[in-house]
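Chain nomenclature is as follows: A, B, C and D, assigned in order of appearance, with residue numbering initiated at 1 for each chain independently.
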Amino acid sequence: MDMIVVMKSTAAPSDADRVVERIGELGLTPNVSQGELRTMIGAAGKKSPAIVQQLEQLSGVDRVIAVTQPYKMASREFHEADTILDIKGIRVGGPHVNVIAGPCAIESRDMLFEIGRLVKDAGASILRGGAFKPRSSPYSYQGMGRRGLELLQEAGQELGMPTITEVTDPRDVEVVAEYADIFQVGARNMQNFSLLLEVGKTDKPVFIKRGLAASITEWLMSAEYVLSQGNHRVILCERGMRTFNEEVRFTLDVSAVPVVQERSHLPVFVDPSHAAGKRDLVPPLAIAAVAAGASGLIIEVHSCPEKAMCDGPQAVLPARFTKLMEQLKQVAEIVDHRVTQWGDAPSTPRRAESGGWMS
Amino acid sequence: MDMIVVMKSTAAPSDADRVVERIGELGLTPNVSQGELRTMIGAAGKKSPAIVQQLEQLSGVDRVIAVTQPYKMASREFHEADTILDIKGIRVGGPHVNVIAGPCAIESRDMLFEIGRLVKDAGASILRGGAFKPRSSPYSYQGMGRRGLELLQEAGQELGMPTITEVTDPRDVEVVAEYADIFQVGARNMQNFSLLLEVGKTDKPVFIKRGLAASITEWLMSAEYVLSQGNHRVILCERGMRTFNEEVRFTLDVSAVPVVQERSHLPVFVDPSHAAGKRDLVPPLAIAAVAAGASGLIIEVHSCPEKAMCDGPQAVLPARFTKLMEQLKQVAEIVDHRVTQWGDAPSTPRRAESGGWMS
Amino acid sequence: MDMIVVMKSTAAPSDADRVVERIGELGLTPNVSQGELRTMIGAAGKKSPAIVQQLEQLSGVDRVIAVTQPYKMASREFHEADTILDIKGIRVGGPHVNVIAGPCAIESRDMLFEIGRLVKDAGASILRGGAFKPRSSPYSYQGMGRRGLELLQEAGQELGMPTITEVTDPRDVEVVAEYADIFQVGARNMQNFSLLLEVGKTDKPVFIKRGLAASITEWLMSAEYVLSQGNHRVILCERGMRTFNEEVRFTLDVSAVPVVQERSHLPVFVDPSHAAGKRDLVPPLAIAAVAAGASGLIIEVHSCPEKAMCDGPQAVLPARFTKLMEQLKQVAEIVDHRVTQWGDAPSTPRRAESGGWMS
Amino acid sequence: MDMIVVMKSTAAPSDADRVVERIGELGLTPNVSQGELRTMIGAAGKKSPAIVQQLEQLSGVDRVIAVTQPYKMASREFHEADTILDIKGIRVGGPHVNVIAGPCAIESRDMLFEIGRLVKDAGASILRGGAFKPRSSPYSYQGMGRRGLELLQEAGQELGMPTITEVTDPRDVEVVAEYADIFQVGARNMQNFSLLLEVGKTDKPVFIKRGLAASITEWLMSAEYVLSQGNHRVILCERGMRTFNEEVRFTLDVSAVPVVQERSHLPVFVDPSHAAGKRDLVPPLAIAAVAAGASGLIIEVHSCPEKAMCDGPQAVLPARFTKLMEQLKQVAEIVDHRVTQWGDAPSTPRRAESGGWMS
C-alpha cells in the first residue's frame, strides 16, 4: 500500500527523521518532499493497512493518506473489463440491463405466481420475493421462511426465471442456496461480515445492497469480503442513503452508478422502490437510474398492494410496471445499453461468463 | 392552519381540557379524539404559524403536528396547473425542457462569445455566466463584476439568448436587473431573505437553487418569499445535497424532481455540474435528471477548462456537450417532454405566460 | 396503535367516508375532525403497524401519522422508573455512572492484564476487550477468537471486574456467554435481527450500540427485539453518527443522551473513542457525555498504542485516563450522578435489580 | 500552498512527466515519489488555490491533495496563542467562559429589561436580543428593527452588559454598529460573503455561527473573510448540524469545540438553544459544551415563553437558568476554565487585548 505522511508545520526535523526511519523499519521505501510549510513523506510498498494507524501516532505527524484503495479484487485497477455474469443463461452486467421484479414478501402461492407471470410478460428477467424479512420491529410480519423459498423455486422453474431472495442469517445460507439462484444481502446486513463470508463460500451470485450510510469504499470492501472467499459473482445495488431529506424514505444516490462503475468492474443495480417508499416516485427514479447507466433494477410490484403484508405503499401496480418497462427499453438504448429480452438467453452449450475475476 | 395536538400518555384529563380551551381562545375549532393511549385534539382555522409553538408548551402536550403546508403561493394545493413562464419568447416549465449553459465565470469577451456560440449551436436555449462569484475563500477569484454583466448582455443579444447570472448582494439587484434576464440565487443564499425580498420586488424571473442542506419545505418557503412580494416568476433548481458521501462534491437528489413537482406548480431544474464536481459525471447525471422529469438543466461548459478561473474540473467539453444535447432530446421524449429547439419561440405577438400565479 | 389519517385538500368527501368505513372494518374507532383545508381522521385501537401502510394507500389520503411509539417494553410510557441492572454486584443505570475500559482488541495475556489492572486502579468498573473484531476489510486483524475470550474471563476474575466483549455472529452467542458477562452488539450489527433474537434468549446483559445512521426509534426497536425475547437487561450506547463532518470519524450525538432518557427507562452509555477516532478528542467528549447525563462510558485504553493491532490512534494513554477518571467523578456529582467506586458493590446477599422490566 | 498529485495506476510515464513539467511552469518545486502502484508528486510553493483544479485536469491524474489549510489568519499554525478579546472590559476566549443570554426576539421594553436583569443576576455577562429576525417563512414575525436596537442599547447600558444582536443584511451593518457591541452572523448567513466583508470593515467583534451543513474548514474560511478585512475580533459559535436525526432540531456537534480549538486560536462558543429546539434539552447540552471546553454559550431565556413571538419552546425558564449557571461555574473549573463573574472586569486603564492577531 502506497501512502503519504504529512507532517505538522510545527514538527521538528527530528520528527521527520524518525518517520523516515520507521518507514524503513516497516519495509517500505521512504521519499521526502520538503514543502513550503510542511514536510511530506511518501512510503511505497506492499499492502498492510495497520501501518497507516501506526505511522499516524508518531510525533509530529499530522495525518497519513493512503493512496491505494483498500480493495483489490473489486477494483477496476486490477480488472479493467466489466464483469458479465451468466445466471441461468441470462447475462448480467455491463451493457445488459436486467429488471428484477416481484412482490416484497412472498405471501401465498397464488399471489406469487400471478405477480411473477405479470412481471415476466412485461419484460422482467429475474424474479424476486422475500421469504425471510428483516423488519425493524419484532412485531412486524417476518416472512414465510422455508415455505416461501419452496414457492419461489417453483415459480422460478415454471416461469423459467432465475430467482433472488434475501438471506439475513449465516445459518440460513445453506437452505437459501438450495432453493434460490441469487443471494440478496440487504442494506442492514452490508457489514454483517459473518454472513458475507458464508455466502462467499458458495458459488451463487451475491447481490449486495449498499448500507444506508455506507461510503462507496465500505460497500466495495463488503464485495471484497465475498470475492476474497473465492466467489467472484457479486452484483452491487444502490438503494438510497439516509439523509436529512424527510420527503422520501431514503435519498437515492444516482451518482453512485457512474462513480462505482469507474472504480469497479462489478455490475451496479439500483433499487428505486426502497429509496422512494412511495409508488408514484418509483418510475421516475427507475428511468433515471437506467439513464445514469445502471446495469439493472430491482422493483417491487404488487397486484393488490393494499393487502400486502409489507411495504405495500411502494409497490408499483401492474399497468404502470408494463409501461415502465417500455420506457426503460428506450432509455437504455440512448446510453448504449440494452434491456434483456426473453429469447436473448444463449442456447446450449451455455457460453462461459466473460470478464469474471478468474477468467 | 389546521393542526393536531397529540397529548402525552401521562397527561391528566385537565391538561386536555386546557388545550381545548386554549384552542378556542385562539379562535380555532377544537375536536377531541380519544385514542387507546393518547388524546388527539384537532384544531381547525386560519393560518398562524406561531400558534403551533404556543400550544406545544402547554402542560401534557407531546407534540403539535401542522397539517397544512406553511407555503401557499408556491403550493399546488392552490394552483393546480404547471406554471409556464415566457422568457423572451422561450417557454420554461412543465413539459418544456430548457438547457442553460455557459462558462462558470465570465473571464473574457472572446471566451464568453466562443462558448456561447458553441452551446447555442448544440441546442442550449439560455446563456449562463457568472460576474459576481461567491467563493468560500476570500483569496479566490471573485468575478469581473459589472464588466462581466456588460459582456453577458452583449453576448445574449448577439446570440439571441436570454441570460442568467448570479446575484449575491441585495445592493446588486438593480445593476444585475439592468443587464441580465434571469436572477440566479445560489445555494448559499437560498435563505438570504434580504436578497429574496429584493429580487421579489422586480419583475425578472428568479432561479432559486436549493441550499445544500435545505429541506424541500424550506426551499419552497424561499420561493414563497419571492412570490409574496408580487414576483410570480420563480424557477427552482436542485443542485445536490451535502451528505456523508465523499466521492462527489454534493449528492444529487434526483428524487427532489418528482417530489417538488407533486407539491408545487413551479418549474424544477437540475444543476448536474455542481453536484458532480467532475466533468465525467455530468452527462449521466444530466440525462438522469431529464429522465426523472426535470424541466431543465444548468450546465457549465468550457472550451479550455484547464485555464478556467473557477470550477474547471466540472466543466463539460464542447464535443461531449453536443452529444449530450442529442441524448437529452431523446430522453425527454420518452417522458413526454420536449427540449426547446431554436425556432420554437412564438412569433409576435408573444403569447402571454400561461399558468402564472395571477393568470 | 393510535393514528391520524390526514386527507389531501383535494380529496372528495366520499374518500373520507371510505377511510372512516375502513377504519371501522379494521376494528378501530374513527373520529373525524374537519379542518379549514383538510379532513383529519383519528383512529384509536390496539396496535397493528401494518395498518398504517394499508390506510396510506386509500384514495385521497395524504399521509397517516402513527401517534403511539412502535416500541413498548423499551418505552418509559409503560415503565416510568429508570432500569437499574445489577451486574455482578455493580449497579448500572440511572445515577450510577460506570466506566468500561480496556484495549480495543485482546492481543496477549500480558497486555490485557496490564491494561486491566491499570484501568481498575484508575476507577473503571467493567473490563472491555475484543475477541471477535468486525473489520470493514477482510485483510485486517480479525481478533483472537475463543483464546481471547478465555483471557478476558481470566482477567475479569483476577481483577474482580465484570467483562464485556463483542459478539457478531448468532452462532457465537453460546460461546461468548460462557466466558463474558455482557454481550456487546456493535453499531454495524444494530439491525442484525438474528443476532438480537439470539442474545435476547440468554439472561446476560446486552449492550447495544447505536447504528451509525440509526434513528432513535430504530435503536429502541432493536432494544425491543431483545426485550421481547424475555431478556430485560439492555444497555444502550451512543457512539457517533455518520455525517458530512470529515474532521472526526463519527459525530457524537450528545443530545441522544437526554432524548433517549426521556423516551426510555434503559441505561444510556456513550463511546467517545469510536466517535472521536483520535485520542486527544476522547477526554473532552467523555466529560461532555457524563455532563449531559450519561450513565456510563466505554473507553479504549492502551499502554502502547503504537503497537496496537487495531484502532491505536484512538486509545487513551494510561496517565490521561487516570486524570480523566478524576474529572468524571467531579462532573458526575454536578449533575447528581455518581461514578461507581470500588467498594460500592453491595455485600451478600446481593440486592435484587430494581426497576427491571419484570419488577 | 503545498500539495500532492496522485497519479492513476494506469497513467503513462509521460503523464507524470507532464505533471512535473507543469508544476515547474507554475513556479512550484516538484518531487517525485514512486509507489508500488502509483506515482505521487509533491509540489511545494506559495499559495494559489486555483492550481489544485488546474493540475487535477491533467491526463493521468487521479487527484490532487492540498496539504496546507486554505485559511491562514484563522489558523493556529500562524498564531499559536488563544485569542482573547476585551469586549467592554470583559475578557472573551481561552479559559474565560462567558454566557450570553436574553430573549430570542426583543418584543417590548419591559420584557427585555426584566429578562436582562434576571440573566445578569444569574451570572450571564453579555445580553442578547434579536431586532432583525431571519425567518424561514415570510409570514412569521420579523422583529422590531431599529426600535429593537434602541431598546437593546438602553438595556445594555443600564445593566452594564455588552450586547449582541443579529445582522442579516449588509445595508444594516452601519445601524447595528451604532447600537450593539457585537455583530451576530447567523447560521444561514455564514456564507453570505457580502455581509462578512461588510462586518469585516468595522472594528466590532463578529460572532459567526456555523452553517447547518458547513464543514469546519468552510466555517474557518468565513472567519477568514472577516479577518482578511482587518477585523481581528472574531468569535465562532457551533449551533448544531442538520442530520437525519429527527428528534432534535439540529444535532449539536460537541466535538467541534476541541476540533476547532486545535485548528484555530479563535474563541469557540456553543448555542444549545437552537440545536435542541426544546427547553428541557438545553441544560444538558449547555453543561456538556462547557465540559468539552467551550469558551462560552449563547442561551435563550424567557420569563413567559408561551407568549414569545419566536422560538418560545426552546427558551429556558428563569429558575432553571439560575441553577444552570451554578452548574456551569463548577463544570468550568473541572476543565481549568472559569465563568466570568461580575467584578472580573479589569479596572482602568483597561488591559489591552492579548493574543489578538496583530499583537
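Here is the rule we use: a residue touches a chain if its C-beta (ideal position, glycine included) is under 8 Å from a C-beta of that chain, and two chains touch if they have at least 3 such contacts.
Note that the structure is predicted; figures quoted are calculated from it, not measured.
Of the two chain pairs shown, A-D and C-D, the one joined by more C-beta contacts is C-D. With respect to chain A, maximal separation of chain centres occurs for D (centres as means of Cα atoms).
Spacing of chain A relative to chain C, judged by their CA centroids, is 28 angstrom. Chain D has its Cα centroid 40 Å from the Cα centroid of chain A.
If you average the CA atoms of chain C and of chain D, the two centres end up 32 Å from each other. For chain B, residues that reach two or more other chains under the stated contact definition are 213, 242-244, 246. If you check the complex, the residues on chain D that touch chain B are 47, 49-50, 53-54, 56-58, 70-71, 134-141, 168-171, 188-189, 191-194, 197, 211-213, 218, 221-222, 224-225, 228, 242, 305-313. By the touch criterion given at the top, residues 1-2, 4, 6, 9-10, 31-38, 40, 42, 44-46, 65, 67-68, 77, 242-244, 246 of chain C touch chain B in their complex. By the touch criterion given at the top, residues 213, 215-216, 241, 243-248, 251-259, 262, 275-276, 280-281, 284-285, 287-293, 327, 330-331, 334-335 of chain D touch chain C in their complex.
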